[in-house]
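Have a look at these structures, which come just after this line.
Both complexes below contain chain A, partnered by chain B and then by chain C.
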Partner chain A sequence: MDAATSFLGFVVIDGIAYGMILFLISVGLSVTMGLMRFANLAHGAFAAAGGAAAISSMQAFGIGFLPALLVGFAAGALIGLILEPALFAPLYGGDELDQVLMTIGLILVTIATLNLLFGSAPLPVVMPDWMQGSIDLGFRNVPNYRAFLIVSGGLLMLALWLTLDRTEVGARIRAAVENPSMAQAVGINTRRLFALTFTFGCGLAGLGGAMGAPLLPIDPIYPFRYLATFLVVVSIAGFGNIKGTAWVALMLGILETAGRYVVPEISGFLIYVVMIVLLLWRPNGLFGRPA
Partner chain B sequence: MKSRSLWMAALLAALGAGPIHAQTVKVGIVAPMTGGSADWGVQFRNCIQLFQSQNGDRVAGSKVDVIYRDTGGANPGLTRKHVEELIVNDKVNVLGGFFFSPNAFAASPVLTQAKVPGVMFVAGTPNLTETSPYWVRTGYTTWQSAVPMAQWAYKNGIRRVYIAVQDFSAGHSFQEGFKMSFTREGGQIIGEDRMAMNTNDFAPFIQRIINAKPDAVYMFISPGPPSIAFLKAAEAAGLKQRGIKIMGVAETDDQELPSVGPVAKDVYSALHYAVSLPNEANQALVKAVADRFPKDGPPHSGCVGAYDGMRVIYQMIENGKGRIAPDAVESVKGMKWTSPRGPAMIDPETRDIVHNIYIKQVVEGPDGKLFNRVIDTIPNVKDPWKESRKKQ
Partner chain C sequence: MTPLAQRLRDEAAAGSRWRIIEVLPWLIFIAFYLFFESRLALGNAVLVMVLFTISLDLVMGYAGVATLGHALFFGLGAYTAGVLVASGLPDPAIGLLGGIAVAALAAVLTGLLLLHLQGNTLLMLTLAFLMLAHEVANKWTSVTGGDDGMHSVSPGPWFGVFEFDLQGHTRYWYALVLLFVVFLIARMIAHSQFGLALKGIRENPARMHAIGVPVRRHLVMIYTIAGAMAGVAGVLSAHSNGFVGLETLSIALSANCLVMLVLGGWGRLYGAVVGATVYVVMQHLASNWNPSHWMFIVGASMILVVRFGKGGLLGLLDRLVARFRGQG
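Entry: the complex of A and B
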């Protein structure tokens, strides 16, 4: 096996797998921040809550990894559903600074709560046997977990794209975000639609936290630790574009993986350089439309 | 009501000037009590309480009061403010704690100016003790772990090592200590990576290590999500199956093992403490911690640093006949005691701690649970960083 094949095989496969992780943990934010235009820095709080719920339900009730992912989604969505009318709805369409301050406050509360409930250590994820091994592709092995991420991330991408671009609910959501008063005038209950969309975004956050937990372990600091990562993905993608988020996540995954592999000295800020250049070139993101 | 509060004020003023005030020694503990490293602050507090409950809260007639200040994470500015306020407002006589080295560095000039002793429970940068003559160390130095690990590796047939550390000051310090010692033994460093702090996926670094075909990799990654991600990536890529040994610092300490899980198996590390140490003082400590603080996990180096730190502070008060005397630091130089970590001494030259370093391997116990087995002991290790400079 020559060096070029090994390099490509490694960078492409691990890059895509890492890109899928980025997509899974960011897609919820591309709904709550991207689609709904809410500066939701607390995205990681929902992800951490979902991940913690998934892991502790595995420990407490002995359920498997896949059902636990549903628990993660449900936990994120439930918390979102409760907090939306109380904390988020009053700030819709308001000042971004207020939104930032509120959501940072929410992160701090989440960190303290997780510390109280679970302690400061990362929560252990016990992987099912079928996810432990690896698949032999001939020129290299792909760990099952990474293969699982690639497949499930791809399916989720497709499902979300179909929902938002090809269904009536998707059309209503887009209409309500683009022009709330017009949407209301044609009979769309924007208040309920927003609550539903936000809840769904928080559910996706919880799902992403749970799915990524083996690679990005859940601990109280989670909402801050990965905050820059989520924001970079969503800001490069541009607001309101799930498909864009998917492409950007994959691109960044491959780029970061290649960067760490080839030039580890600069890999820490490579992603930020790319973000700065891209945003200077296209301030609304690669796939975003001007606001 | 008004006259009563006046009375109280007068009474307090009288007491303040009188002998009762002189009979309280205040200890200010600066530590992460919240945030991602809260576990360390909790262990400090637990093991200080334990020490006081076992040894009483009075020394030479003085009551010892402990006050805590939370630094959250690595926050030198806040630490300096806490230290100043503790000394000026709370009138503490001695300081303790300090988990992050940058925080301890920020406290150094204040200690020197106020002539207040400080006892470092964990912060490990070797030259910290040189930044103020008022520092005493009951934790460890980075080189006290890195150098014995390198010597053990060479002694056990490892010749080619790849170093992978996190790209911050502590990581660099472990890297330099290991490299210096291992190359001096005759070994070869065939690759070195400083991994950015914001690395989420370590697979690319693991692949670089595999490509270089070393006998072993030496890592330092602050324990938590990054170290877990690193070890999981190493396991997924089959590092150990390829015969590449993994050596580290505290990534697989006993308290981390439940979070790290089975991928911790067979990881080697070098540190001054292991829960499994058979000595009597340690067995008593492990039992007392399990009885009193069952929810906070087994004692670790943070607990032992605080427990021994209190012993040093008590000795200072004892030597000062009930107070922290101006020569308090001088008076504990050369102090020897039996610590849960084994025999311990405050180095009279450097004010560091001299202690055994244990080479540990994560193995499965008879109960199926992972634990650190001590496979080798390097006795009475002085800080090798200062030793290496002396020779030049």
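Entry: the complex of A and C
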């Protein structure tokens, strides 16, 4: 097998694995910004909190990697459940500047809290043995961790898609994103629906933060460092578009991985050029419909 | 005349007259020079941030444009000043004019591209332009020094006479004079017909459009003016610190400036003066604390101000004065 195909395989596999993390973390943000039109800059804080909870529970209680992922989900969801009515709900339908300012405050509080609890260094993830090796797929070796990300991320994506497409809750969410006032008029409690999706989205962010910790290391400034990345995903996809978020997260994962190796000098700002051009061309995102 | 227009006009008429209390900040800035000669670096940092925050107040507080990218213009001003000194043009006047020109050009171009948009899309795009510039500055190491930044930005003397001395006398006056000029311009705009129209656009863009105000042109104009002012702040920071780094083009700087404006109270210029002054001085006083404690307090007060304390510190003062008068 020649070098080019091998490189392509590597880029695609690494890129998809990275894209899965981006998707898990961004999907909740997309719903927040689409369903409630809430300019939430603090979504990365839930991922950081989930990641920190997972890693520190591995250290403190010696639990395994998989249970720790559940801790990450639970931590994200719990914090979301508490903060949604306390801080987010009062600003629904309000000025986006207030939302921006409140979430900047939340980022600062998160950074400070993580710093006080865990120090400023990245939290070390000790991966279990079964995560260390790699599987031979015949045409190439895939590191176990990458394979785990792709498989579990893919399963979660499928589960989310089935929920949205085939269940009543899913239909309600789609209706509320599409036309909030009409959804309310036909008897959907958008307020409660949103509390539910917000909490779940924060849980997924916590899970994504924990799962992705070896790739996107958990440290106090995590919410600031990856702020732009998550926002890029949801704004290119179109706020509130979940399928779009999945596509864009995967494409972005692959493009960024490829860019890092092929054109390392410009890969960093290429993504912003793409974002600017796309949003100027389609202000509602690639998959969003014109308002 | 509609009640809104009437109210805005009354406000403007009352506000354009100078009140005695408005001398106070300038007296404090001069007194600081006289009594805290050993702390001029701190005073200089205050003046730079006040200037930057005033520019943000024009865009955000008056015109109601939600931006995360205001640091773009600060950073462009700073890097332009740095590059001009590094390329053999140490005259600070050239640096200042160059910084203003580059920042204003960037503001007019991005403003024309962006300001017909609103809400989250506008926020994302202002952020994207800032991040784009940040990445360019990060990678274009031959010019910007990349992650290391540009060191030893040492401008020549002002008017060939006033050297940038180690104690910081020159740079303090340099910053104070520029701040005063910028403040006068900002105050004039705030109380002009144009400023009134901006407030109207903030309250209700559709209605302003309907009564014949060129909304987009007004927004681009104030965005450009404020961008140029932010560029002045960036030039000042570069000339004063002798250093330009990537943090001048960071989301964190935009966010900090928002924090200062909101803590002081937006849409009244003096809120920017009070907010930035209090923030920078408090940060200095807290410098031997654990930085996390400081950050926690700032973050928590942001949340509280948004939730309960509309108007920031000056809003609080207003309410106290009102209560005092009500009882007296």
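Criterion: the second predicted complex is superposed on the first by the 275 of 291 C-alpha atoms of A that agree within 3 Å, B and C clash if a C-alpha of one lies under 4 Å from a C-alpha of the other, contacts with A are read in each partner's own complex, and residues count from 1 in each chain.
Note that in this section a residue touches a chain if its C-beta (ideal position, glycine included) is under 8 Å from a C-beta of that chain, and two chains touch if they have at least 3 such contacts.
Nothing here was measured: the structure is a model prediction, and the numbers come from that model.
When both complexes are superposed on chain A, chain B and chain C occupy overlapping space and clash.
Shared-chain residue A:Ile104: touches chain C; no touch with chain B. Of the two partner chains, chain C is the only one touched by A:Leu227; chain B is not.
By the touch criterion defined above, A:Met33 lies against chain C but remains apart from chain B after alignment on the C-alpha atoms of chain A. Contacts of A:Asn115 after superposition on the shared chain: both chain B and chain C are touched. Once chain A of one complex is fitted onto chain A of the other, the partner contacts of A:Met182 are absent, as it touches neither chain B nor chain C.
Contact with both chain B and chain C is seen for A:Glu265 once the two complexes are overlaid on the shared chain. Chain A residues in contact with chain B (one complex) as well as with chain C (other complex) are 111-112, 115, 220, 228, 265, 268-269. Note for the complex: chain A touches chain B at residues 10-11, 14, 17-18, 21, 111-112, 115, 119-126, 134, 141, 143, 145-146, 214-217, 219-222, 225-226, 228-229, 256-261, 264-265, 267-269.
Only residues 34-39, 42, 167, 193-201, 203-205, 207-208, 224-225, 228-229, 232, 236-238, 255-256, 258-261, 295-297 of chain B touch chain A when the two sit together in their complex. Against chain C, the residues of chain A that register as touching in their complex are 33, 37, 39, 41, 87, 90-91, 96-98, 100-102, 104-113, 115-116, 220, 224, 227-228, 231-232, 235, 239, 265-266, 268-269, 272-273, 275-276, 279-280, 283-284. Per the touch definition, chain C reaches chain A in the complex via residues 60, 64, 66, 68, 113, 117, 119-121, 123-125, 127-129, 131-132, 135-136, 138-139, 251-252, 255, 258-259, 262, 290-293, 295-296, 298-303, 305-307.
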